[in-house]
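Chain IDs A, B and C follow the sequence of writing; residue 1 opens each chain.
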Amino acid sequence: MRTPPYLVSTRTRTSTFGAIAAACLVVVAIVLPAFAGRGLIQDLFFIFTMLVLAQFWNLLAGYGGLVSVGQQAFVGFGAYMLFGSVILWGLNPIAALLLSGVGALLLAIPTAFFAFRLQGAYFAIGTWVVAEVARLVVAQWRSVGGGTGTSMPREAREVMWGVTWIQSVFDVRDSAARDILAYWLALALLVATIGGIYWLLRTKRGLALAAVRDNMEAAKSVGVDAARMKWMVFLIAAFGTGLAGGLIFLQNGRISPDSAFSVIDWTAFVIFIVVIGGIGTIEGPIIGVLVFFALQTLFADYGSWYLIALGGIGIVIMLFAPRGLWGLISDKSGIQLFPIRRRLSGGKLADRSKPSREE
Amino acid sequence: MIWVDTIVQGILLGGLYALFAAGLSLVFGIMRLVNLAHGDLIVLAAYLLLVIVSMLGLNPFVAALVAMPVMFAIGYGLQRFVLNRVLGADILPPLLVTFGLSVVIQNVLQEGFSADSRRIPAGTLETASLPIGPVTVGLMPLLTLLSAIGVILALQWLFYRTSLGRAFRATSDDPVTAGLMGIKPQRVFAQATGIAMVVVTIAALYLGTRSNFDPTIGPARLIYAFEAVIIGGLGSLWGTLAGGIIIGVAQTLGAAINPEWQILAGHLAFLLVLLVRPRGLFPRAND
Amino acid sequence: MALLETHGLTAHYGDFQALFGVDIRLDQGECVAIIGANGAGKSSLLRSLSGVLRQEPGMVLLDGRPIGALPADDIVALGISMVPEGRRLFPSLSVEENLMIGAYRSSGNGAWDLDAVYGMFPMLKERRTAPGNALSGGQQQMVAIGRALMSNPRVLLCDELSLGLAPVIIRDIYAALPRIRQAGASVIIVEQDIGQALKVADRVYCMMEGKVTLEGTPEELSRDAIHKAYFGVAA
């Protein structure tokens, strides 16, 4: 049997190495609660959930060309679906998490219906309007606390699946056990998010997505249904963002319209993470969230000055290194951990005057 | 009778929103740029007016005349040195840069003036009112609407009667060919943003004298402005005024039913127009 | 000294090189035609002269002064204006405004103003308030020429005046050329229509694949030589 003379592949040596390293990291992360203190678990929870939000925003803006500044709509609505179903229907909070995603998905349908009527930059503000409408409507919802918000009922927290098991295995108090549970869920969501987005980008759909982003007219002419791609990306991002929102406020234990629909926390920070790390790559948000967490830990006490610096850094990066930190690293080293570009190897590529087409 | 009064107040409020929107509309019309920091620039101008009024003891209207050249320079410089670098086919860089700018302006104001809400003192004008037919109209709201109409007339004149206006339209059509006419697109864009900031100063004058403001209220003003622009139809200045009035009337009607519904009613009116007339009420023909 | 000349002019679009060391000259009062097939580099040459494409300073000289690196808007101010390929009128501007914007950087001294342009193309006056793109192709070309003249240029660059126009319209448009030259402009025309070019030009450059392959007065050049320079093969 003859081997094919050439091979189309997206894998590189570093990406193979990266995959093995990532698998080891995930295993370490799973068993980490056995060794780590509660503070570290909480920090990692924050990092993981912000990274999930960043990956979905990056999918929207970096790959889908949909610059949304209204993602807080899905965080907030997802979180409120969780609190609403727990408080009103007595659902187990872990089961209710799924409703966070579904609720955000349902909200995304009318949102897309309106916002897709707006072109380019106006789409951005359109999503913001929808988020404001969602916030104002939710603030009228008395049974979950109206404008002032509410807390997760004690009974609901006590019946959360898995908490007693974690308590007995790790020998911790119930509040620490709930943190560990939330941490594991965030880890699972993160792995599913990165894995899912990476898989999506490597499929034919993913290629079509890049084509739509780069040139909508040309993509249409080769048969890519641009409108359908946009819908798909928008709905996926809303579902994932809603799940993350539910999880964040499950761990938080308290919710209010202003915190759940905060444009700074759930969109501005997320945009900075993606921009600083490098938009349009999977690696970028990972770097970005680490930089963001470091800045947050070191400078969050400085309040306004911290936000001024963050905004300033975002502007400077956009002006002088629009592909972010990962762009700089990748250009210098040629490293790609999540390669999606298809490469041709083998065959008679060196002899370009006689392209080989043998089967 | 109370409904007539509510609608009249809404129309007058619409004048304020039209002032918020006129600068946004101007900049978008010429360079297809959406400035997400527009609302924060209005708030910045309001603080500038506050400083001039309190330090020099000037009347707010005179202070606005002093602030206008300062805001023009800020707009010119912002466009020349920052925004011109990111203009292009890709909408992402200008959006992200202006979003970053929005966060920076809000927090600089927070640092400089604290989070307390302020108001520009306008003396007896604040409470002056005059009866027009069956309703009593506040003098400041009336001046706001008249200023909005004045601003739109002035921008129309600038656009259609002056050499600079022709350069604006030509550059908007085709910057390369505009260059062949001796027009420097980069400079024209900077002038346009400068003029938009003069309009922003006028908007800030009424924002700051009519109600309290604090560093965080910019984004909401951006959203009202944006809604007015979309309702009116992109690039139509009179449409922008109509859009502002629709938002204003919807808000006062909503507030008359339940004070908590004021803002929501404005947004819902916007979504309704978007549903029925996606291109706005007065869309420009050649877009 | 030539009014306008190029020295070893090269032009690139990314990796693609469009011009390979072009040397041409235009003397005061002259009309020079540049002919060549599609893709010969004629338009790249005009775009380099007008500043739409920016090159090394010394590659383009006006009165011996290097201007090759200046942007288009500065080139106009120095007295070189262009009638771009495809007219490129501003659709948001009326016919009259299209003409007026041609004088954006000029002080208003010189032979050409609105009245002079309307005098040359009377039908434009009737349509002065129409939007630029509501006119027929020939009328649009007249506006584009008038617009370029409004800056009272010393050098007028005309890119493919005859493109897409009926022969009778082309004749009308070229009928304006003597008057333009009389008023003081030296002219470079780029043409695919060789017959038209030979009729109006004092000198002709023929280009192929980014190089000048032939130069001379219309009388000197045989059809055979032109054909060879145009297509690169003997007829």
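Here is the rule we go by: a residue touches a chain if its C-beta (ideal position, glycine included) is under 8 Å from a C-beta of that chain, and two chains touch if they have at least 3 such contacts.
Keep in mind the model is a prediction, meaning the values are calculated, not measured.
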Chain separated most widely from subunit C, comparing mean CA positions: A
Most centrally placed chain, judged by C-alpha centres: B
Interchain centroid distance [CA atoms averaged], subunit B/subunit C, Å: 44
Distance between chain centroids, defined by C-alpha means - subunit A, subunit B (Å): 34
Averaged-CA centre spacing for the pair subunit C and subunit A, given as whole angstrom: 55
Subunit B - residues contacting subunit C, complex: 163, 166-167, 169-170, 172-174, 176-184, 286
Touching residues (chain side subunit B, partner subunit A) in the complex: 32-34, 36, 82, 85-86, 91-97, 99-104, 106-108, 110-111, 219-220, 222-223, 226-227, 230, 234, 260, 263-264, 267-268, 270-271, 274-275, 278
Subunit A to subunit B touching residues, read off their complex: 61, 65, 67, 69, 114, 117-118, 120-122, 124-126, 128-129, 132-133, 136-137, 139-140, 147, 263-264, 268, 271-272, 275, 279, 303-305, 307-308, 310-312, 314-315, 318-319, 322
Footprint of subunit B on subunit C - complex, ascending: 50-52, 71-73, 76-77, 81-82, 84, 88, 90-93, 97, 100-102, 104-106, 147, 151
